[in-house]
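Chain naming follows the written order as A, B, C, D, E and F, and within any one chain the residues start at number 1.
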Amino acid sequence: MANQKLFVSSHAPYWHNRSSLSAKSYNIMLAALPAVIMGIFQYGPPALGVVALSVSTAMIWELIMNYVTKRQVSIGDGNAAVIGLLLAMLLPATTPWWTVVIGTFLAVVVGKQIYGGIGCNPLNPTLVSIAIIMLSWKGLLDFDEALVNYDLGFYMVYPLAALKHLGTSVVSNYSVGELLMGQYPGAIGSTFGLGLIIGGIYLILRGMIRWEISISFLAGVFLTAFLFNISDSEKYAGPLFHLLTGYTLIGAFFLATEDSSSPVNFIPMLIYGACAGFLTVLIRNIGAFVDGTVFAILMMNVANPLLDKIRPKSLGKGIKHA
Amino acid sequence: MREMLRLFIAVVVFSCLSGGVLAAIQNVTKERIEYQQLKFVKGPTIKNIMEGCSNDPLIDRLSILDEAREMHLFIGEFEGKRNTVAFETFGKGFGGVMGVIVGVNLENDEIIGVGVTTHSETPGVGSKAKTDPDFAAQFKGLSILDPFKVKTDGGQIDALSGATISSRGVCGAVVEAGEIYKRLKPTIIEKMKEKQG
Amino acid sequence: MIKKPFFGLGKPKLTYSGVRDIEGEDLKEILPSPRITLMHKSPNGDLGDLSLSIGDEVNTGQKLNLRENGGEFLTSTATGTITDISHTTGYAGQSFVSVAIEAKSKDLWDDELEKAGKNESPENVLPFLSYIPGISDLTSIIKTDNPPNTIIINGLDRDLLIATNQIIVKTEAENLAEGVEYLKKITGVKRVIFVVPPSLRMEAEQSGAEVKVIEPHYPDATPRLLMKEILDNPVSPSQSLEDLGVGFISAEAVVALRTAFVEGKMPVTKVVTVTDKNNRLTAVRAKVGTPVSDILNALNIDVSDGDRLVFGGPMSGRGIYSEDMPILHDTDAIMVQDKDQVIPAGNDPCINCGECVRACPAKLPVNMLIRLLENGLYEEAVQEYDLLSCVECGLCSYVCIMRIPIFHYIMLGKHELALTGGLEESNG
Amino acid sequence: MVSGFLVMGGLGVAIGVVLALASKIFYVYVDPKIEAVEDALPGANCGGCGLPGCSSNAVAIVAGKASASSCVAGGPDVAAEIAEIMGVAIALKEPEIAAPGCTYGYQDADVKYLYQGIHDCRAAALLDGGSKICTIGCLGLGTCVNACPFGALSMGPDNLPVVDTELCTGCGTCERVCPKHIITLTSTSDRIIGEYVTDECTAPCQRSCPTGINIPGFIQEIRNNNYEAALAIIKEKCPLPLICGHICPAPCELACRRNLKDEAVAINPLKRFVADYEMETGKHITPYKAPGSGQKIAVVGGGAEGLTLSYYLARLGYNPTIFEAKPQLGGILRYVIAEDRLPRKVLDHEIEGILETGVEAKNNMVMGQHFDLNSLFQEGFDAIALTKGGFDSRQILQPAPSGYDTSVPGVITMLDFLRSMSDDKNTDLGRRVLIIHDRLEGLDLARKCRSIGAQKVTIVSKLRGHELPVELQDVKNLEAEGIFVKPLTMITALKGIARRLVRVALENTHPIGEVPNERESIGADTLLIPAGRLPEFLFIRSEDQSESETEEVTWETLEAFHTFPGDNGICTPPEPGRISDSSAVVKSLLSGRRLTRAIHQHFTSGLITPIENLVCEAESILNVTEVHNVALSDREHPDAMDVEGNSKKAWIFPNEFPGLNEASAKKESERCLKCGLICYRKQK
Amino acid sequence: MSDYILLIVACIFVNNILLMQYLGNCPFLGVSKKMETAVGMAMAVVFVLVMAGAITWIVDIYLLKAFGLEYLRTLSFILVIASLVQFVEMFLRKSIPGLYAGLGIFLPLITTNCAVMGVCLINIMEEYSFTQALVASFSYAVGFGLALVLFAGVRERIILARVPKPLQDTSIGLVTAGMLSLAFFAFKGMV
Amino acid sequence: MAKTAVQEFTKGLWAEIPPFRLVLGLCPILAVTKTVENGIGMGIATTFVLICSNILISLLRNVIPKKVRIACFIVVIATFVTVVELIMQAFAYPLFLKLGIFIPLIVVNCIVLGRAEAFAAKNGVVASLADGLGIGLGYTLSLTALAIVREVLGNGTFYDIPVFGPTFEPFSFMVQAPGAFVCLGLMLCIMNMLGKK
């Protein structure tokens, strides 16, 4: 046996389609890039600072947790970077540095790593973090207050806050074009609707995210807003407004589609997306928060394991042969 | 059967005894508890509202039945006249029920002060309803019979920033106070007379 | 290796190889090897009561009884002397008795079969059939009690990169027709269905069997999926195909049957599709028991440390660890992979992306299944997530973004269940 | 005050009445055991046991699905109470801990392929039994480590599991998950009575040692300077290391794998080295002793076998007493072997050590004269083992009054019988006689028995009918003569009452696979056995008292060696491995140890279980025929005698036979290849 | 009518007894490891809570308040609840063994479930009418069950995940309960 | 069994410290630890009930029939809980208000009933006293520890005294419901890590 050739042996299959997590992560970041660049372009260096800090600290936290839990270093898969980038996209450009650091800690450590790392988190880490920030430091995510020193040449009032406080009269202040082009104040990466849509379509076409979730989420938002609008158009804004403001688009393409906290079967995906959309508008219209996307998706994340029990029959199941 | 009886007696004796013991303790502490309740829950707020009164409103109080509910009304003596009355109503806040004491001048139905007693609002946000004097001061001098609303609801009260719901809760309580006041005003005056007489 | 397409919306489309993919579309003969190793899967790995011994002389086509008390036997594919008898462990702990024969260059044919073959009753024929090339066990088809009512001849192959059956359908259509006749005769079965890809429809129609054409998409030619597609009769995981009265046989085995009983000679050769490091396919015909190294040498394929040799196709084959390994009667293909093509398995958890769920032809909730399997909860995996419905195609591992060896986990789960299930039976 | 009193009282009455009525109306029978357990449980319904509430835990405990100690809130007191209800005494049990049985991790062993896939041994084993060439080698992927619920296992630097003996509870999870059966639960007792099986990693030396000492193990401990541990390993199989160190012929050294390269490791001198070390310290190192179970065992014969038996019985927690006919213990070791081969000092030291473990010895006690089976049973012994060994009847200086050894009722050795016949003594054989014999002389004997009054004589032979002498095949005529022949038969047990033999159990040994073995039991008053000495009988009190009319003790024998190959019943001439007139002392040690196993299994499980795949010459086992990457090195030899009495060597042995000194022992221990089945220490 | 709907929504979602009022956490963490047990427990709680809510309300209004003995509330409530649970258990075991097998085993856990006692006390403190008390008890119980079932779903997955050793079991369970509570903030302020 | 009273006492402080080692009594620990003051108050109240019920049950352990022992224990515990309730109302009314519903709920705290059943019903008075004191103190310590973390981080204060400068932005997540769960979960993790050694 001594002079035998030593082959590799493993179990079938011996082929792989060469997809990889890092490729997926980089594709998501690529898709998010238009919106981020637009944000940096609008809000200048502070926005760049938040993005850079967020991405880097997310990776550092991941690295620290890898060492603490004595596991393989996993920053190479790019998932921490994605979490950091998405978190930055949800924050306003003026976010203080310590909030960003705590935010990435909450996302990477509390949201993901204590559950055992990627794939094990029951909720979207980015959303966990942003939700906790929302509860703790309300002022930070009050975009009107946060961006008070900016004047970018367009109507500097955060649409959803305006809607909540001032009623539907404000809707006319924002044209669809402006909303699509991000001509309103908001978080760094969530205002440039067109960029987000392009990124989302790219991801769907590449098979990186599940179209069912995005589409049903948008449909849920549209329908609910539409129904509210019909019932009392004085009080509740129209569907288009809800679709293009707040975190709706980034939620549909980047947040609700996070893998480990969303369903994989067809019908559950539709329910998940639609319910998240419904809840989003519900919270915006009658709930306590200005934007409901975050909590709506979190709520559906929680329901995900239950939803995903709805699945097609496996081959040969439930068949009785005489 | 004998066994059963033994068990039965044990339970009965135990519950009888504990009932008795508790009754005894309750008897001893009853007075003190009542006073404590007033002193700590409503006392500070009442004092605040009735600043400058010459009596102790906690002692000079009336109990009136309002739709099967017992209401405590605290009488304030200003410039020798017992012309002010304060009582508690409740509104729904962000974290639950909040108690609001409203002081009213019986002569002109004007609010002399509003204060939050119990609440479970978010510290630093909704809790400002209790701590922020500017917020309460908005009510001062308005007529109790007016409807109160925060500005976003089309009313006259500036909501606390970030705590619209808490503000709404206070307004609701004051509105309710107005209704109670309307109902009870005759009885109050009557009772006060009785007391003085 | 087929990469994930740039736009990846739907399921992966993997197409079975066909005759056209084979170099020159013909069969190469491999010279008989002086070293022949026969392997017999024996439930009992004991070498204590063997009736064969080293030094015995054997003839080509001779039936060799393995045990003193009968039952197990192998068919010699060469004429020569037994030089070694040993025991090896195969896939999933299967126990093999391997018999090495030093073969002479000239074959002396054994004539026992010729005598027995005259009488075509199953009892006479059956004792020779275990080692028909192209099938692992014919006894499920040819049996006296509870014979099958339908036999499906598979003109497609078991896996990608294999064209063994197809080349036989293409080149031996006439023999196949004769084989089908014979099959009907010995089994008494009425319905024989011949499943072929569109390109072989013409040839198949000559066979006299009922022809069903299917698109060659992997893994549609898997028996359980064929049951569903062709007979519209899905099998529940607790049943075997036998229970439904359906037998499966490959086209190669049908031809081999003909050789055995029409020509009176035990078939000793096997068609093997060989895939080299550049994914070029060659079809060769070699004696069962020929070492892999002989075939590779004949085709000028170099292998070195760190490469991977596989018996079977890329999705469901079995890795082998030695070039000395002989081709067996059910070895349809040999795949050689360069070490650069070996993608190591990942050790990260499932991220729940759902690729596997969408790829699974049996509609299993693979994302949940893998979680249970990783934690060794095999019984729950069966009860809650239908582990046993798996058709063992390997697509889940193929598409897994985390490169989790899901298929490996599934087979491990099934294996462990079989072990513990066996224990329960012996207890009860 | 009064109202409070009354309301609570009223409430109490109401509730009491309702519940009392309900418990009558809705009465459902519940197992009283469940109720008792439920009562014992805290009733806090905290859910800490993982079950919803105390009552469901009680049901689970009674059904045997939960352990008596499953209540977290209750703690050990509750556990004890429940155990009492359940009738499971928390037995005095020697703890078992997991022990890995592989010496070389995959980076040091030969592999047949490079494994890629799930990090799980079971998964790796799917692929052709794992990547190691050795079929029983540890695959090193840590399945046992992950499975351990107590965190007692970890993966060592050599990719072999390491057990933290503090944390190991002996739950056996690792044993269950290991696809290679490498890691097993073991206790010192298990190792003492254990035998090597083919799917165990054993070195060639270890397999060829008649006592089965873990030779690589103890040499490894010498390398680590841990002489006491080395001795403990030796003493698990050999209680007389110093004696063996002197006179063992050392078959192990013949098997040593180093012979393939240069010269065998000096295994026996190394053993003597550690034994010398013990003697030098002046203490006797007594390794682990199991908690006492208290049975009294009489060991008749204080030779090497009897001493071994008593030593191991003591270590397993029994109370052995040796009955020795001679004034001193030691048997052949003392009275036969020359002083200059085995200094008596050494012998005394070793015997002292054995007695220290709790063995009682009664010298000058001759069986049949001073005591017999009946008297021993009446004294309260639970079992009696005969290890009379090499001192057969030829050497008994004072023959019994009847002329033959009557130590075992009704059992007479052929030699005694013939002598008494020739002396014309009046021998009463009773009515039924059994003779074990294969040859013609057996017939002669049978006829002699008939002539002196036996009515029915049965000749028992292990041979097949046609293998017997022709005369013995003439069944019909012999039967007419009152002589019956039973071919293919062996005797498996004797049964007697007080001082009488009553029955003999026979087993028909059909060749394997033909007919299952049949057992029968026939009445017999006398059994003639062909040897010149008595075999190792093991007597126990019989539970079957039906044949005894009075209060007399009924006894029977156990098949002590029944589980080993070559067994032909309890009375046939000795076979290798179970002999007592042994060719070497080590063989009688083995025999003594195997007797211990029989006694221990009898008293613990009541069943002496066969060993499957016992390592013996007939079993094929992986091995190597050549060694690679091993450097040549010379064997160390004991120092020449230092006439001056140099202090440097003085501690070793001031005797003609010096052992190895410490330095050369260390050097020699380095030569050991630490072999496994096919692995051995290679140079990198 | 709409008042009742609001009450229901408030009790189920907004003031979820488990996640917002911190009541009933011991069984919440104890029986949520498997979906089956979670569903059983949820049903048992609904069953008992409605009955307990009704009976304690009657006891409070007609016995304690009538005699001015509010200070005996704790004592009498716990007595009533404990005996009710025991009664129901006996009743089910005898009369509806099928149902008993399903939820009977969860009944003893409810005695010391502070959610039951808590809801009864809340009913009194909020001065609900009898119907309101019934509706509130039912909704709180449904809220408890909903949270329990959702949590069990999440927890089933977490048990299978590679959670670091010291965090396993209760520890990660609590953190996840926190996340669940965070998600329930979605309903904040809706009523 | 032959443990001294001191050992019975100290085991409650570390080896069996209630909510961490025995995962019991979680509701109050989550609910009342917003501030240190509440935590300590709740701890003392529970300790009081624990000690009293332990002593009484230990005294009566031979009188109580086994079959109805749980009912009797509950009555005893409920009695003491009510006593605490009354005393608190009389002498520490503000604390009573803050702890609210959780005072009566001590009665269903598994720790109290668990100790009564598992310990007091089987041991002498002194040992039961020590056990009650130890477990109670351990419980108080745990409550306090959690309360410190939550109050300091979530409110920036310790016992209502600001500990950070005025620029500190309180991490108010900690004083809200989810924060309580997460914080307790992480503390449990730390305890597990410490316990391993």
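In the analysis below, a contact is a pair of C-beta atoms (placed from the backbone, for glycine too) under 8 Å apart; a residue touches a chain by one contact, two chains touch by 3 or more.
The shown structure was predicted, so the numbers you read here are calculated from the model rather than taken from an experiment.
Asks: Between B-F and C-D, flag the pair that has more C-beta pairs in contact.
Replies: Ranking B-F and C-D by C-beta contacts puts B-F first.
Asks: As a test of understanding: of all chains, whose mean C-alpha position lies farthest from that of chain D?
Replies: That would be chain B.
Asks: State, to the nearest whole Å, the distance from the C-alpha centre of chain A to the C-alpha centre of chain F.
Replies: Result: the chain centres lie 41 Å from each other.
Asks: At what distance in angstrom does the C-alpha mean of chain E lie from that of chain C?
Replies: Result: the chain centres lie 58 Å from each other.
Asks: Calculate how many whole Å lie between the centre of chain A and the centre of chain C, each centre taken as the average of the chain's C-alpha atoms.
Replies: 48
Asks: With centres defined as the mean C-alpha position, give me the chain D-chain F separation in Å.
Replies: Inter-chain centre distance comes to 56 Å.
Asks: Which positions in chain E are in touch with at least two other chains?
Replies: In chain E, the residues touching two or more other chains are 26, 69, 71-72, 75, 79, 83, 111-112, 157, 161-162, 165, 167, 172, 175-176, 179, 182, 185, 188-189.
Asks: At least two partner chains per residue is the criterion; list those residues in chain A.
Replies: 4, 6-11, 110, 114, 116-117, 119-120, 132, 135, 288, in rising order.
Asks: Would you mind listing the residues of chain B that make contact with two or more other chains?
Replies: Answer for chain B, listing residues that touch two or more other chains: 7, 11, 14-15, 18-19, 22-23, 26, 94, 165.
Asks: Along chain A, where are the residues that touch chain F in the complex?
Replies: 102, 110, 114, 132, 135-137
Asks: Which of the residues in chain F end up touching chain B in this complex?
Replies: Chain F residues touching chain B: 64-65, 67-68, 71-72, 75-76, 78-79, 82-83, 86-87, 89-91, 93-94, 97, 154-155, 170, 172, 175-176.
Asks: Can you tell me which positions in chain D touch chain A when the two form their complex?
Replies: Interface residues on the chain D side: 110-118, 123, 126-128, 131, 133, 628.
Asks: Which residues of chain A touch chain C once you look at their complex with the stated criterion?
Replies: Going by the criterion above, the answer is residues 4-21, 24, 72, 74, 77, 116-120, 204-207, 210-211, 259-262, 264-265, 308, 311-321.
Asks: Spell out the part of chain B that touches chain E in their complex, as residue ranges.
Replies: Interface residues on the chain B side: 15, 18-19, 22-23, 26, 94, 96-97, 165.
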